[in-house]
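These notes open a run of structures that come right after.
There are two complexes below, and they share chain A, which is joined by chain B in the first and by chain C in the second.
After this line comes the complex of A and B, so read on.
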């Protein structure tokens, strides 16, 4: 009933599923950790309540998102061995140390300081607390650094030799391995993507609060203990100030960072063209070589059987212009690539267009917000706010689409051009992999379904005045090694008053 | 093989062993409380038990990641053979950890389904602990190796011995959990924890004895390592020390000491761990692959050792600092 091909396919589906689920949470927490550091820094500098309120609002969401990232990340660190043991044996001498450095420099840093960040405000003083927040933010960045170095090495391997056991072993300097050719581009592009993703979520929550305040339905659900609903006008004004502040900050990010990201993406694409041309051919839908200027296919339906793109809408010579900065430059197509080295065109063609389309939509939203800001209407255009809400999850979709583009584009190899995916898998029977895949799907939907539901609920509640951060009736916990303070009796929880 | 290689590889074997033991020390007691959870009364006792581990459970797992990641980096061949061989228990452990981690959070956030989240917490903790023991047992009983890969079937790990090891780890973690609660709680919950510590103390000692005897019955190499002269003069110290620790443990319970039972329970784990080391060394996959055969090249191990020798002490320092910031007993709401 099953054969090895099934086991391989199941293992690939399992990896794609667990890594995609996992990646959502770091993509959010990298940006959010930095945002929290900025908010706390601004609060220390200006002493304005609004930054403190926003910090306490977002730190609760961060705690849940971070915990989800930790538990789904543990699965990833074992998945290489359980499902890709041949790959692990052969690349371990190179990739293992990079991942070990990720654990030593990033995971422990995050874990060690997270407890202080979440619960320690009243125990260590503001400056030390700010340091802890910065350490957590730094940890998320260092983590991205190492894991993207690993991924980039698989795309553009350098600095290695192959020993008699078939293992990739370091040859020359570790510098060449860590800073392999695609790494700087991938790091910049991915970290900016994480920042944009977070900015759009923050913007959507701000926009939602603004629309809600405008609709006047803040007084509808009076039973959720919202102090701002106690008929306190000053409280309402402060919640609105917080919503405005986060919307404004997010829209600045969209307006400034989205264009930077488009430029960074272009550089990343040029780097890919240099090192992995087949990936770019598939992204562009270029089955055929174009000796004198390749068209840019805006839309179309790839037809892998006939090796052409049906119903293509093209801009003549634009692809050569973008990729070679010369409209008449020749551009090779997949006809120059042997069939057994060709990545799956349809997936790449679409995932790339989804990512780019969302990138330009972010730019559009940023520009729209600039117009509104210039007219002093930033908080008064409901359609702008609705658009920002609609764009709230778009960063996640773009990040996943981008990840699919780069990972599927590396196929049919795990180490580009050197080790095939088909020869990387563990010698497992298909029923074992199939059963574990089903278990992962079920558990992840329950567990991450809960996490997402809870985060959305926190977001919809809005910023409360004098936010306490972590609920005082909840257990003191952290995703860190750090113990929280001894459980406080109810009512004695250390409420940090903004006036303090 | 040069002398430098040999030293470096042995150093890495000790670093990985340290990470695994740090994991057992730090995560063992909170998995144990998960295992004991149904024994506690709904309400106050359960909330206190939960609060006693709330701050620590989740970052402790970073040491598990270091153990796995370190194995991949320093001994890639062992990682590539062991993980597929033990696929079902490892996947079960991971899912158990995911489930209990979130059940922990969800218990407070979603009180409408607290009963179900409590059940998930217990099942997740039990599964993770049991699977860790099974993994250990399956490794000790041997793994079929074919070339540079696992050569057995996907249920080879299942045996009476591996099940026994699974139950032993469950009993041991429950003991750690009970003694941790003695230290961190007061009043009725603490009294309950004292009773549980006595019961699981007996179970743990019984399990240590059974697993030790069964290990000697597994394979000639283990018997030779433990029982041949002159090795026996050294190895016999391990059961001797274990007996002394067990005696001290009982005295500390009888004298109602608060911290000491936990430390002595950890000492029991340390003895078992040393025993495990005597049985395994120098093999990383028993009787098939030694640590030197599985080792990554010296340049990989050096590159990591530079970082690890600086970073692990730094990590221990800031972890210690964070513990100091949040010292103190768990709340006694209702006991004032």
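After this line comes the complex of A and C, so read on.
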């Protein structure tokens, strides 16, 4: 079946496929772990049950996402040995220790304290449990730190020498390797992306529950005896309060963090222009050099054969203004790069625009939520809620598009300008790589399809009230909302403060 | 009783002991899985 195929291309497709699946889960769990720490911290500080309800809801989803992230991550490690053994041999002395630190962090911080987080509340008490949650959040961040350091070194290698065997080996300080020139920018941009991705998922779930509560659906699908779903008014009020709280928190994140991310992305782009100019040329669609200011191509169809962008819609000199902060600054194009060092323009051109477009859509959603908050309609604007639901998966699309931009932009090298992708692969025949690729596609769609379905099912059920009972005689007070149980007629949306 | 309150009646050393035990068990389970995978790959 794969006899005529190119083994290198199949190995690249396999890595791209598995890393795209894998990246979804850490992008979610990095943000979710921090969100859980914030929720538990707020619960400890304020004593409001709504934060504990939200914690209990999201911790189950975190556990499933974390498990799928670990499983899909192990496959990545295997591929270094199977399909990319030459790369592993030559870069191992540099990248091996960094990846070992990542594994140690995942082992002893994330996985270890995850057990306490999931099962330890009634054994260790609230403060120690909160410590464990913070350790898990810290662990996800430190894991990201090491993995992004590895990736950044491949983009901007520093602090190395090449020995007689052709291996990259440390030369001088490890600080130069770990904190290579693109690392701080990539770390900030990626971690913020993970936070935004999580915020948009949380916002979508909150919006979905608000729309559901507005339609009175929560009173109909009683199937498991849960008070929130069985039509218990107090339970409904409390789970609706939780939906409001998570939607509000998520929209604050979108409004505040999306603009920060755009600025961080701009700094990352300037750093890329300095160290990997060909990548930026391809992202911008600049086949030709522009000595008197380069235009910003908003849209167009790259034509690699003719080395031009067809049907281009441009803003004159805007690219020079963005990249050099001077509209008349000269900007080199791909005509200054040898053909055998040129990254694939079409993929980069589109992946970059998808990422940027989604970033601005996130900003738009955040601004819309500010308007809604100002008009006291944050919880009463169905189109805003529908938009938030629509934007729920956008963070995942954006991080994958961003990842494609940075990785395809490094081509045709694995270690930028030093080691070509073609010389990094294992000497395997195409059928061997193709068979494992087919196996991965089938297994991934079954395993991760089921995992994703399970996560979506948990999300659609909404926040269920905690196991501790509610005093029916007392008014419910969650997140500054005070609807007494008697005020809640069955089938009606709870009376809640619009200004929360 | 609110979540976690039952444990807070226990002395600190006991709660720290539980934390260490659950943490150790979590790492241990992952370690066993990793060792099995390693053994499988080396076989």
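Quick notes
In the analysis below, the second predicted complex is superposed on the first by the 454 of 500 C-alpha atoms of A that agree within 3 Å, B and C clash if a C-alpha of one lies under 4 Å from a C-alpha of the other, contacts with A are read in each partner's own complex, and residues count from 1 in each chain.
Here is the rule we use: contacts are C-beta pairs under 8 Å (C-beta built on N, C-alpha and C of every residue); 3 or more make two chains touch, one makes a residue touch a chain.
A quick note: this is a predicted structure, and the numbers were derived from the prediction, not measured.
When the shared chain is aligned, no partner comes close enough to touch A:248: not chain B, not chain C. By the touch criterion defined above, A:88 lies against chain B but remains apart from chain C after alignment on the C-alpha atoms of chain A. Once chain A of one complex is fitted onto chain A of the other, the partner contacts of A:120 extend to both chain B and chain C.
By the touch criterion defined above, A:52 lies against chain C but remains apart from chain B after alignment on the C-alpha atoms of chain A. By the touch criterion stated above, A:421 is placed in contact with neither chain B nor chain C. When the two complexes are overlaid on their common chain A, residue A:108 makes contact with chain B and with chain C alike.
Ranking chain B and chain C by residues of chain A touched puts B first. When the shared chain is aligned, no partner comes close enough to touch A:452: not chain B, not chain C. When the two complexes are laid over each other on chain A, chain A has residues 74, 107-108, 111-116, 119-120, 123-124 in contact with both chain B and chain C.
Residues 26, 47, 50-51, 54-62, 64-66, 68-74, 76-77, 79-84, 87-88, 90-91, 94-95, 97-99, 101-102, 104-106, 108-110, 146, 148-151, 153-154, 296-297, 299-300, 303-304, 307-308, 311-312, 315, 318-319, 322-323, 325-331, 333, 336 of chain B touch chain A in their complex.
Contacts from chain C toward chain A in the complex involve residues 1-8, 10, 15-16, 18-19, 22-27, 30-31, 37. The touching residues of chain A, counted against chain B in their complex, run 64, 67-68, 70-75, 77-78, 80-83, 85-86, 88-97, 99-105, 107-108, 111-116, 119-120, 123-124, 163, 165-167, 169-170, 174, 426-429, 431-432, 436, 439-440, 443-444, 446-447, 450-451, 454, 471, 473-490.
Chain A contributes residues 52, 74, 107-108, 111-116, 119-126, 128-129, 132, 466-468 to its touches with chain C in the complex.
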